[in-house]
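Please read through the structure below; I'll follow up with questions.
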Amino acid sequence: MTEADLQAFLDREFPEIGPLGIVVERVDARTITVRLPENPATLRPGGTISGPTMFALADVAVYLLILAQIGPVALAVTTSVGMNFMRKPPAGDLLAEAELLKLGRRLAVGHVRLHAVGSDELVADASLTYSIPPRA
Amino acid sequence: MTEADLQAFLDREFPEIGPLGIVVERVDARTITVRLPENPATLRPGGTISGPTMFALADVAVYLLILAQIGPVALAVTTSVGMNFMRKPPAGDLLAEAELLKLGRRLAVGHVRLHAVGSDELVADASLTYSIPPRA
Amino acid sequence: MTEADLQAFLDREFPEIGPLGIVVERVDARTITVRLPENPATLRPGGTISGPTMFALADVAVYLLILAQIGPVALAVTTSVGMNFMRKPPAGDLLAEAELLKLGRRLAVGHVRLHAVGSDELVADASLTYSIPPRA
Amino acid sequence: MTEADLQAFLDREFPEIGPLGIVVERVDARTITVRLPENPATLRPGGTISGPTMFALADVAVYLLILAQIGPVALAVTTSVGMNFMRKPPAGDLLAEAELLKLGRRLAVGHVRLHAVGSDELVADASLTYSIPPRA
């Protein structure tokens, strides 16, 4: 699946996070970058992006990275997540850069790092595991 | 803080999850129950509640449980989360029952279990850690 | 599998943690209690039990709880762990009380709490996921 | 602290994992590599390295990486861990490559990847958080 395929899948299948406006920036066989546009509506007092919003960004990044490999038919489900929130994100768009650590027959694992555009400092990291349905 | 205090705090400070309509059912010194009303708008295809929605529910439950102890002034922030998604939630409201495992000077930890109203089967569990600002 | 069966399995199959002397206290269909005897040799300076020792205790507790249900033939492997270390354990034996949260066809999940004998205060908690091989 | 300083600290302060023979390979301001020599005594049946052994390796790697920055006086303690076990390690030595994600005043976070010497395939990854005592 290409960036455009993944974007279309995201827009169609994840309506409840549609308001976040997440953009698929680029994908290859092992990594993906997605972007969360700055949005005053999702900020907490003090200018922090909420935990659930960052969780959604991390989950979408790894999920699309797996789908890019196994195709949109398969129904992968998140089974476990470990996530650390390390810094308050600065103003501006937030990037999630994910890497596929394992793509097995039954489980896939990805690690994702969140940071602001133009900043090296990590805002959060997460490792997510997905259960993959049996493939024909 | 009472149930009504926590509900008012939630409605005021967490506008971005306001549409979820989370209800503070009851709280005591060590546990809390919050409820996510059924909402067709937040369902994924197949009837599953999305991971970010369940994350938000778990995070709110433990956060309010800590605030009930330390008061609404303190600004606790989530620092790490481990969460397992175990079953597709059945139709109906979802309950989060959280327990305070530690309330230290610097860190607080809670464990939360999500299950449908009227069902013993866990949909998800999570352990969340919060950093607590120095208190006067 | 009974307590004695699990103890024999533990002693036979986990030689590298044999020196810890972990004891299977009791097991039923949903919970298990195992005990780590106090051992000056495993203490860190300051009297703390090491993280890897507590990890081993937590892992053994949930692993044996699963085996008690599916039998000793099946080869379950740990796939993910979220663990929080909350307090320095006091002197004395340490108990791990684990509960089976899910026993699916492919994945099993357990939650375990570590505390000293005679104390309510949690030393650590962990959620562990195991991949279960296909069963005939 | 140099590689030799860290090795001496490890050998002195972590006697209970001394038998593992972990070697500090190299360290810089942001990353560290430590090595677990192959040891038939720590293998599980089937040739798998045990979870607690891999946990110890991951924990040591990030702990030493933090100490290399803040010095050996400070007493950092592990507060939470998320770890995924992805593949059975092949025969041979195991490397842990850790990266410092955050070094704050109160909390430090590192991410570590475990793989066999000469192999790109990850055996495990972990994110670990440490509480850092107040520094003068």
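Note that the chains take the letters A, B, C and D in the order they are written out, and that residue 1 is the start of every chain.
The rule is simple: a residue touches a chain if its C-beta (ideal position, glycine included) is under 8 Å from a C-beta of that chain, and two chains touch if they have at least 3 such contacts.
This structure is a prediction, so every number in the text was calculated from the model and none was measured.
Asker: Could you tell me which pair, A-D or C-D, is linked by more C-beta pairs in contact?
Answerer: C-D
Asker: Taking each chain's centre as its mean C-alpha position, how far apart are subunit B and subunit D in Å?
Answerer: One centre to the other, that is 33 Å.
Asker: State, to the nearest whole Å, the distance from the C-alpha centre of subunit C to the C-alpha centre of subunit D.
Answerer: 22
Asker: Using mean CA coordinates as chain centres, what's the gap between subunit A and subunit D in Å?
Answerer: 27
Asker: For subunit B, what residues touch not just one other chain but two or more?
Answerer: Within subunit B, residues 79-80, 82-84, 86, 107, 127, 129 contact more than one other chain.
Asker: For this assembly, give the contact graph shape among line, ring, star, complete and other.
Answerer: Contact map by chain: complete.
Asker: Along subunit A, where are the residues that touch subunit D in the complex?
Answerer: By the definition above, subunit A touches subunit D via 82-84, 86-87, 101-102, 104, 107, 109, 111, 113, 122, 125, 127, 129.
Asker: Would you tell me which residues of subunit C are touching subunit D in their complex?
Answerer: 13-14, 16-17, 41-42, 44-46, 48, 50-53, 55-56, 59, 75, 77-86
Asker: Provide the residue numbers of subunit B that touch subunit D in the complex, in ascending order.
Answerer: These residues of subunit B touch subunit D: 79-80, 82, 106-107, 127, 129, 131.
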